[in-house]
Amino acid sequence: MNLRVRFAETDQMGVAHHSAYIIWFEAARVEWLRARGLDYRRLEAGGVSLAVSAISVQYHRSSRFDDELHVAATLTELRSRRVRYRYLISRDDEEIATGDSLHTPIDASGRVIRLPSVWLGALQKHVMT
Amino acid sequence: MNLRVRFAETDQMGVAHHSAYIIWFEAARVEWLRARGLDYRRLEAGGVSLAVSAISVQYHRSSRFDDELHVAATLTELRSRRVRYRYLISRDDEEIATGDSLHTPIDASGRVIRLPSVWLGALQKHVMT
Amino acid sequence: MNLRVRFAETDQMGVAHHSAYIIWFEAARVEWLRARGLDYRRLEAGGVSLAVSAISVQYHRSSRFDDELHVAATLTELRSRRVRYRYLISRDDEEIATGDSLHTPIDASGRVIRLPSVWLGALQKHVMT
Amino acid sequence: MNLRVRFAETDQMGVAHHSAYIIWFEAARVEWLRARGLDYRRLEAGGVSLAVSAISVQYHRSSRFDDELHVAATLTELRSRRVRYRYLISRDDEEIATGDSLHTPIDASGRVIRLPSVWLGALQKHVMT
């Protein structure tokens, strides 16, 4: 997905604050699903959330207000209790940041559950290791 | 309540972003209740939320990273379907911002309801017009 | 401009947090300028910022995760020391929120200045009262 | 440092959004410095910033609105071009999250520099490996 760095996302160093990247990763996951005909709202409506259990970001270059960034998400691991994405944020040909997020399927009360098999099946063909 | 301006709340103008003030108002409402023996979590646990139906802020001076700010909330109107707060943010003796928020009691499905009488009663003596 | 409500913008009431609207207004101002061939980065590169001196929002309906919203900005007042925008956020045909922001041109040290005449000239034809 | 989970920091899963933890880490670094007689504003006033070059978080338990959290920061590595902190967020005796951040000293134009020796000296005795 593409996005513009918002003014509110900058900090007094004149660059996008490092916490914004986490939010861009999340937005990219949602768009990644949509591009494959899947809808994260529908997953949640069915009582399943993909809680974030770990995240990491490596910041290679700073990004600035109004920069147009591309955020690529890749599903790198898919198991019934463990989903992993990798990210690459770029601006034109420059690598801005990379990252990784690990997710655990939980139900509405926060308990760890197995990802429903219909979702496992729909996602399986999109795993890229 | 007192708070420190967080680094993440600054923007590239080198000041606290104007959206942060809205979040400080909210934090001040929660502390205002706590200081009066009331607990916003308990209100929500009872199925009642005070949705924000209008907000206004006047920014008089900028605030900066690590500034220690005082946020004073005052309950200025209390009716069963309408609650209003006024705010004053200051740094030492300087007025930084003022504001106003209007709230509507809603239930968990988002419908407008009357504020439960136990809450009306508990809040009544704290109204300052 | 159009935007999707981000997951991070929701709160535990299951709706977009009221502070997010302020950030959407800001993003809409930037896109409003861009659509007219103007670039807020260029204004700031010239040492001029449009500080927010007041803001107000009226929340008519809640918005939710992944809603596609349209944010319309209108320049309603333009003077050398005072700029005002009005906003309308909608989802399909529903009015979600309206608002208003007042801006003061300042220089890099935070002093109030006159908006440069080249900007006044460029903006004048876009004022809608 | 101690902090309360703000309402604005929750998301529609009813827990603090995972991006908030990154901001709490940062606030804890600032307070960690202050508790040792050091002032991050003074570092930046001298033209030095500690840019975040990598961050990781492991989320062990969720935290909720109004939870009182303790955020412990530990300086785990200190070199002239590389500073590392470790974090532990807890609620009473429960471990909520752990994390790690890596920092690079940069000047106002974003170039990597050596951390000034006066800062190296002041920080050296606080390193805990």
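The chains carry the letters A, B, C and D, assigned in the order they are written, with residues numbered from 1 in each.
To be clear about the criterion, a contact is a pair of C-beta atoms (placed from the backbone, for glycine too) under 8 Å apart; a residue touches a chain by one contact, two chains touch by 3 or more.
What you see is a predicted model; the values in this text were computed from it and never measured.
Overlaying subunit B on subunit D by C-alpha atoms takes a rotation of 180 degrees, rounded in steps of 5. Of all residue numbers that take part in the contact between subunit A and subunit C, over half occur on both sides, making this a same-residue interface. Among the other chains, the CA centroid farthest from that of subunit A is the one of B. For the pair subunit A and subunit C, the distance between mean C-alpha positions equals 27 Å. Rounded to whole angstrom, the centroid-to-centroid distance between subunit B and subunit C, based on C-alpha atoms, equals 23 Å.
Those residues of subunit B in touch with two or more other chains are numbered 7-8, 12-13, 15, 19, 22-23, 26, 44, 65. Partner subunit B is touched in their complex by these residues of subunit D: 4, 6-8, 22-23, 26-27, 30, 39-41, 44, 65-66.
Residues of subunit C that touch subunit B in their complex: 12-13, 15, 18-19, 22-23, 26, 44, 49, 51-59, 62, 110. In the complex of the two chains, the subunit C residues touching subunit D come out as 7-8, 10-15, 17, 19, 64-65.
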